[in-house]
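Structure record follows, encoded as structure tokens.
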Amino acid sequence: MKILGLYYYWVFAILLMTGFYAVIAKPNLIKKMIGLALFQSAVFLLYITMGHIVGGTAPIFSSVTGDTLYSNPLPQVLILTAIVVGISTTALGLGIIVRIKEEYGSIEEDEIQEIDKQ
Amino acid sequence: MTVIFGVFLLTLLVITALAIVRTENLFVAVMLMGIASLLIAANFFILDAADVALTEAAVGAGISTVLFLGALALTNAQERSTTSRKLLSTIVVVAATLVLIFATFDKPEFGDPNSPVQTHVSPWYLEKTPEYIDIPNVVTAVLGSYRGYDTLGEVFVVFTAGIGVLFLLGANPGVGAGQQAREINSGLRHHLIPRVVGRLLIPFIILFGLYVQFHGEYGPGGGFQAGAIIAAGIILYALLEGEKRALEVMPQKFLLGMMAAGGLIYGGVGVVCMVLGGNFLDYSVLSSNPVKGQQMGIILIEAGVGIAVTGTLLSIFHAFAARER
Amino acid sequence: MAMFLDVLSWILLTLGGISVLIGGLGALRMPDLYTRMHAASVTDSLGAILVLTGAMLQAGLTLATIKLAAILLFLLLTSPTSSYALASAALIAGTKPLSEREQPEGGKQ
Amino acid sequence: MYYAVTLATLITMGLALVRAIMGPSVYDRVLAVNMFGTKTVLLLSVIALLYGRPDFFDLALAYALINFIGVLAVLEFFRSRARRRELEQQQAKQ
């Protein structure tokens, strides 16, 4: 059980850093946005993992389940809103990328910097 | 046992994430992002977060894919392979991963009911919700009432992002926006079968969205999810019948109005609370019975959230689609 | 009666699981796009029918059953439609079915 | 018994993921994503029963509806891209 629980956190670490790798190593701007989206997802996963209680159920009172143990509602609220905010900010980033493509004709970071130097 | 399912899904998720970073075809990366989103949502569900899984379902698998494809259509779908910083980045990332993994050993055990996360405000929320608000879904109660300020802020962030996208892409809708653009944006109108089935489904999607909106106090759901689902339904209409027809149904001005109205409803409820003698967003004063007042306030602000999210997501979609030429 | 329904639902669920698995194997092992699509979509529909009917029998006659029926209905509408749309898009883009493109080893027509 | 169905679905999800990563064509990947979506619907329905919370079928319902939109968006993407190329070629000829 201990290892299984730790595995959730390890996946968080690997996912976070995979997204981070795409952001820092890939020159393509859309790839960077995809990496950022992965990064976000990793954080969401961490919050929800921490809010889970073994043997608990979703924090929605139900006549079917009766009085039982409920998982933590607070991280769920934070992440629920964060997902919608995340997609809005991703859209904003993509909008900026589309404008960059229109102005520079490229979405590769190094090419854009070349053009800027001229 | 379900935790083992979760572990399996997480392993698939790691494989997907590595494949996303490795592939140089951005279209493939977007497809794999769709899969990653499904996996994450299934994990949320296994970890008892039904509301979050519903949001991720509507946003991650539907709208996110549509937006990324919209951006790819305007740029190029192939990544140029240059790997100048590959070694340095790999070293940094591996080192950071190891540090993070080392840190996990100090974390409280997975699912421990006595960990610091579980012992501060959350028991109070779970204990007092039947008394103060009396709705079954504690997530909605926390979202709408206890942390109402937070949610108001999130609505404004969504609104701001929508305005930002409109500033970037909305003005000057392309040089060649004429006959040609209209022809490209005509949608899947010549595919009869998807069109018929889609037309059949769209009312049900919107009905389901409304169900999610107004059932949010009793089951998984609420304004954020409903907004995303309704927006997805109208995006489906735009995909099938073309941009122009969808804009005739809901013109850009109307969508802008929705964006603003959502935030205004939310803020307005707060101001009404102040006028009636309570604090900002303290819904208890809305009715003679404080519990009824809380429920009323939550329904109103959830409606505001739903309207704002629908308007914003659709505006963003149209801004991307109108740019295509 | 309840016992009978229980056994029936377990049989349906098991068969559903098996057909889902066969669909997955088919999608992985078949030689070209259209055969893969065939394996995936046919067993998909069958698996969905079997699993969801089995689940309906388990859930009993409640709101949950109606929701499951709605899920099944939507899956039966959308899954073949997306398969059709995918196949037509692939065909228009020039992906030929295997028999026309090349013979698998042995050269039989 | 739910476990058996869940296990079969999970393995199929794994197989679909292999297909999505291997490709070879983009259409194979779209097929895999679509398959993955339907499998998630089944998985969520069965796990909702397993948890004894049948009110969570809403989630599976949402997936069944949203998955369709994703696939159609991909096809519209292909169609408009092909159409644009065609128009560009026509303009180049003129």
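Just so it is clear, A, B, C and D label the chains in written order, and each chain counts residues from 1 on its own.
Everything that follows uses one rule, which is that a contact is a pair of C-beta atoms (placed from the backbone, for glycine too) under 8 Å apart; a residue touches a chain by one contact, two chains touch by 3 or more.
The structure presented is a predicted model; accordingly, all values stated were derived computationally and were not measured.
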item: Chain pair with the higher count of C-beta pairs in contact (B-D, A-B); value: A-B
item: Identity of the chain that, by mean CA position, is farthest from chain B; value: C
item: Euclidean distance of C-alpha centroids - chain A vs chain B, Å; value: 12
item: Cα-centroid distance, chain A relative to chain C, in whole angstrom; value: 31
item: Interchain centroid distance [CA atoms averaged], chain A/chain D, Å; value: 20
item: Sequence positions of chain B contacting 2 or more other chains; value: 50, 72, 188, 191, 194, 198, 201, 204, 219-220, 225
item: Sites on chain C at which at least two other chains make contact; value: 74, 78, 81-82, 85
item: In chain D, residues with contacts to at least two other chains; value: 13-14, 30, 32, 51, 53-56, 58, 61, 65, 67-68, 72, 75, 79
item: Touch relationships between chains, expressed as pairs; value: A-B, A-D, B-C, B-D, C-D
item: In the complex with chain A, residue positions of chain B that touch it; value: 3-4, 6-7, 10-11, 13-14, 17-18, 20-21, 26, 29-30, 33, 36-37, 40, 43-44, 47-52, 55-56, 59-60, 63-64, 67-68, 70-72, 74-76, 79-80, 82-86, 89-90, 92-94, 96-97, 100-101, 104-105, 107, 109-113, 115, 117-118, 121-122, 125-126, 130, 136-139, 141-143, 147, 150-151, 154, 157-158, 161-162, 164-165, 168-169, 218-220, 222, 224-225, 227-228, 309, 312-313, 316, 319-320, 323
item: Contact footprint of chain B on chain C as seen in their complex; value: 74, 77-78, 81-82, 84-85, 88
item: In the complex with chain C, residue positions of chain B that touch it; value: 188, 191, 193-194, 197-198, 200-201, 204
item: Of all residues in chain C, those that touch chain D in their complex; value: 10, 13-14, 16-18, 20-21, 23-25, 27-28, 33, 36-37, 40, 44, 47-48, 51-52, 54-55, 58-59, 62-64, 67-68, 70-71, 74-75, 78-79, 81-83, 85-86, 89-90, 92-93, 95
item: Residue numbers on chain A that touch chain B, as the complex places them; value: 1-2, 4-22, 24-28, 30-31, 33-35, 37-38, 41, 44-45, 48-62, 69-92, 94-99, 101, 107-108, 110
